[in-house]
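The first chain written gets the first letter, and so on, giving A, B, C, D, E, F, G, H, I, J, K, L, M and N; residue counts start at 1 in each chain.
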Amino acid sequence: MDSLTIIAVASIVIAGITTGFGCMGPALAEGRAVATALTALSQQPDASATITRTLFVGLAMIESTAIYCFVVSMILIFANPFWNHVIAQTAGK
Amino acid sequence: MDSLTIIAVASIVIAGITTGFGCMGPALAEGRAVATALTALSQQPDASATITRTLFVGLAMIESTAIYCFVVSMILIFANPFWNHVIAQTAGK
Amino acid sequence: MDSLTIIAVASIVIAGITTGFGCMGPALAEGRAVATALTALSQQPDASATITRTLFVGLAMIESTAIYCFVVSMILIFANPFWNHVIAQTAGK
Amino acid sequence: MDSLTIIAVASIVIAGITTGFGCMGPALAEGRAVATALTALSQQPDASATITRTLFVGLAMIESTAIYCFVVSMILIFANPFWNHVIAQTAGK
Amino acid sequence: MDSLTIIAVASIVIAGITTGFGCMGPALAEGRAVATALTALSQQPDASATITRTLFVGLAMIESTAIYCFVVSMILIFANPFWNHVIAQTAGK
Amino acid sequence: MDSLTIIAVASIVIAGITTGFGCMGPALAEGRAVATALTALSQQPDASATITRTLFVGLAMIESTAIYCFVVSMILIFANPFWNHVIAQTAGK
Amino acid sequence: MDSLTIIAVASIVIAGITTGFGCMGPALAEGRAVATALTALSQQPDASATITRTLFVGLAMIESTAIYCFVVSMILIFANPFWNHVIAQTAGK
Amino acid sequence: MDSLTIIAVASIVIAGITTGFGCMGPALAEGRAVATALTALSQQPDASATITRTLFVGLAMIESTAIYCFVVSMILIFANPFWNHVIAQTAGK
Amino acid sequence: MDSLTIIAVASIVIAGITTGFGCMGPALAEGRAVATALTALSQQPDASATITRTLFVGLAMIESTAIYCFVVSMILIFANPFWNHVIAQTAGK
Amino acid sequence: MDSLTIIAVASIVIAGITTGFGCMGPALAEGRAVATALTALSQQPDASATITRTLFVGLAMIESTAIYCFVVSMILIFANPFWNHVIAQTAGK
Amino acid sequence: MDSLTIIAVASIVIAGITTGFGCMGPALAEGRAVATALTALSQQPDASATITRTLFVGLAMIESTAIYCFVVSMILIFANPFWNHVIAQTAGK
Amino acid sequence: MDSLTIIAVASIVIAGITTGFGCMGPALAEGRAVATALTALSQQPDASATITRTLFVGLAMIESTAIYCFVVSMILIFANPFWNHVIAQTAGK
Amino acid sequence: MDSLTIIAVASIVIAGITTGFGCMGPALAEGRAVATALTALSQQPDASATITRTLFVGLAMIESTAIYCFVVSMILIFANPFWNHVIAQTAGK
Amino acid sequence: MDSLTIIAVASIVIAGITTGFGCMGPALAEGRAVATALTALSQQPDASATITRTLFVGLAMIESTAIYCFVVSMILIFANPFWNHVIAQTAGK
């Protein structure tokens, strides 16, 4: 296996794992937040404005961690500095 | 094993694992959200409009993390830049 | 082991694992949703129309993640681009 | 080990694991659904028609994920395209 | 190790594991269903007919997943197409 | 290691594991069923006939999965078709 | 390592593991059954006859799975058909 | 490594593991039984005779599974048929 | 594999894992904090100012641990001192 | 590695693991028993004689499983029949 | 692989793992502390000064453990004595 | 690696693991016992004498399992019969 | 790999793991202590002096275990006797 | 790798693991004890003297298990008899 192949394989594997496992936490956390929001709504329908606003801020914060993972995956697939270096090195030979 | 085969195998394996495991979290989170929505509905039938709307927004947020995983899988199977590079390299030889 | 065999084995293994493990999450989530629907029905029989409708929308959302897994398995078994490439390559030799 | 043997072994192993582990989730989910149905029946015997109907729809949805796993196992044992290809290839030699 | 031995070993191992682990889920689920049936009976002895009927339908559904596993084990031991192919191939030589 | 030894070892290992692990699930499930039966008896001593009958039917269903495992173990030790084939083959040589 | 040694080692290892792990489930299940029996007795001392009888039947059912494991261990140590075959084969040489 | 050493090592390892892990289940189960006995005693001091008798029968049943493990360990260390066979074989040479 | 490739692979793998797994904890913690904030709001709508302010301070503290992980990943991909050293060393040769 | 060393290493490793892990279960079980004894005492100070006596019998039973583990460790370190045999064999050479 | 590369790889791997996993505990602990602070605020709005002060002291203590992990990572990346020694040794050659 | 080194390494590794893991169980159990003692004291301050005495007896019993682990570690480090034998053997050469 | 490199790698790896994993326990424990302190404050604001003092003593005790881990890491990085010995030995050559 | 290096590596690795993992149990146990002490204080402020005294005795007992682990680590780093023996042996050569 030459360097090119090894780096490609590592990037593929890690891109998948980072998104695959890194989305579990946010998904479960959002499920929990939505679930309590629904419980809160059914107990205090009058405070629906405050509850909905707080829920959306919270979901945005949680979604941000999922997006960190997705960003790292995309960087590894489409903007990988190690891959670019090796391609440049190979082309220059 | 030549480079082509290794990259193909890595892409197949990771595409499957990313979708297979990455769908667990969202599925469980959606199950939780739907479950509390049903509990909330049975306790406060009058607030069904607000509850249903909040539930759908929440499910969309959670489903988005499952879709990130599915997108990474599809990119790895059908639009894999590493595979395309190696195919081009092989064809150019 | 030649390339053909390795890719075939990887596809078989991942197709099975993706469906086998990827169906756990949705199954458990659907079980939870159905369970709370039944509890809700027994507490508020009058709201059965709303509860049933919300349950079916929720089950459809959850089932969608199980179907993502099944689709990836079927693509890997019957429409695998890597396998097709290697078959074409072998036939062309 | 020749290609034939390797693919046969992979198919046997994955067929067993897919069914063996893939049936855990549905079994536990059905157990949960049946359990809550029984609790609901004992609390609200009058709603037994609605409860029973919802339970059967839910069990059918959950059973569907178990059947996906069983279908993948059966495809791998009796209609495996990779195995057929290798058999054809061996016979043609 | 010749092909015959490898396939035999794989079939033995997977037949055992599929039944051994695949029976855990159904056993636990049936335990849960029976347990809630008993609780329900002690709370609502008058509804014993409906409870018992629902319990038996549910147990049959859950037992079906255990039987899928047992069927796969029996196919692998006594009606294994891969084993039959290799036996035929060996006999024909 | 010749074929005979390998198949013997695989049969011994799997026979033990199938029974050893496959009995956990049924044991725990029976423990749960018995426990709730005792709770139910102490709450509703008058319904002891129905409770006892339902308990015994349930224990029989659960015990059946333990017996599937024990049967597979006994088949692997005393009526193993792969072992018989290899013995016959060796004897015929 | 000759065949005799391998089969002896496999039998020793599996005999220990089958009993060692296979006794966990029954022990925990019996602990649970006894615990609820004691709770039931303290709540309904008048029903002690029925409770004790049901407890003993339940313990017998649970103990049976522990005995399956112990039986498999004893068969592997003292009545192992594979060991006997290899001894006979060695003696006959 | 000669046969003697391998069998000795396997026996030592399995004797320790069988007792070491096999005692966890019974210990936890006895802890649970004793704990509920104490709770029961504090709630119903008048039924102490029945509670104590049931507790001792239960502890004896649970202790029996710990003793199965200890017996298998002792057999493997002091009455190991495989070891005796190999010693005899070595001595007879 | 030369030094360059090994360091590149290690950096890729760890960058992905650090973000992928390191985001689980913060995501779950934020989900919990948001969930209790919603519960608190529905119980004490009058204290919404204090609750919201405390929630945002808390989310900032928790998000900081996610950002530590993201920072380490970015350092490993774009400002890796070990990679820079090896590149310089290679260029200087 | 000669036989002596291998057996010594196996004995050391297993002696430590058997005690190290085998003491977890009894310790946790004793903690549970003591905890419920204290709760029982604070609820029913009058029954302290019965509670204390039952506690000590129970602790003795649980401690017995920890002692089984300690005994196996001590046998393996100071009265190991396999070690003695190999020492004798080496000395006799 | 020369010494330089090995030490670089070890430092990269451990720097990532220390921060990635070491932040889970503090994140979850902070989530718990914030959650109970919110619950406490909604129950006793009058004590908000004391609660907020205690919360901030507690968060500072918990954050300190996350900072220990981050500090170790930074030391390993930017002030690693082992790396410096090897660089010096290499330069001096 | 000569015998001396192997035995030293095994002793070091197991001494650490036995104490490191073997102290978890007792620590958690003592924490539980102390916690319930405190709860009991706050509910029944009058019974503090009995509670304290029972707590100390219980802590002594639990501490004894931690001491078994520590003793095994110390034996392995400072009074290891296998190490002494090998030292004697080496010295005698 | 020479001795210097191996010891350096081991020290780096263990320094990171000790701090990374060793901080989980204290962090979670402090989170729990702070959480209950907040709950206690909201229930009994009058006892805030005693609660705060007890909390700080407790946090100091728990922090001490985190500091043990950090100290071991620092010793391994900056005052490692094994590293010093090997450096001295190398310099003396 | 010579003996010196192997023993140094083993000592480093185990010293870190013993402290790193061995501190988890005590930390969690102390967190639990402190938490219940705070709850007890808020429920029974009058008994603060008894509660505080019992808490400190309990914390001392729990801390003792953490100190066992720290002592073993320190012995392995600074007073390791195996290391001393090998150093002496090397020096004597």
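Remarks
Please note the rule applied: a contact is a pair of C-beta atoms (placed from the backbone, for glycine too) under 8 Å apart; a residue touches a chain by one contact, two chains touch by 3 or more.
Because the structure is predicted, anything quoted here is derived from the model rather than measured.
By the document's definition of touch, chain E and chain J have no common neighbour.
Between chain A and chain L, the least number of touch steps comes to 5.
Between chain J and chain K the CA-based rotation angle works out to 105°, given as a multiple of 5.
With each centre defined as the average position of its C-alpha atoms, the distance from chain M to chain N rounds to 11 Å. The distance from the centre of chain D to the centre of chain G, each centre being the mean of the chain's C-alpha atoms, comes to 30 Å. Separation between the centroids of chain B and chain M, computed from CA atoms only, is 38 Å.
Each of residues 1, 11, 13, 15, 17, 19, 21, 24-26, 28, 30-33, 35-37, 39, 41, 43, 55, 59, 66, 69, 73 in chain A touches at least two other chains. Beginning the circuit at chain L and passing next to chain N, one meets the chains round the ring in the sequence L, N, M, K, I, A, B, C, D, E, F, G, H, J. Remark: chain A residues 1-2, 4-5, 8-9, 11-13, 15-17, 19-21, 23-28, 30-39, 41-43, 45, 48, 52, 55, 59, 63, 66, 69-70, 73, 77-78, 83, 87 touch chain B in the complex.
Put simply, chain A touches chain I in their complex at residues 1, 3, 6-7, 10-11, 13-15, 17-19, 21-22, 24-26, 28-33, 35-37, 39-41, 43-44, 46-47, 50-51, 54-55, 58-59, 61-62, 64-66, 68-69, 72-73, 75-76, 80-82, 85-86.
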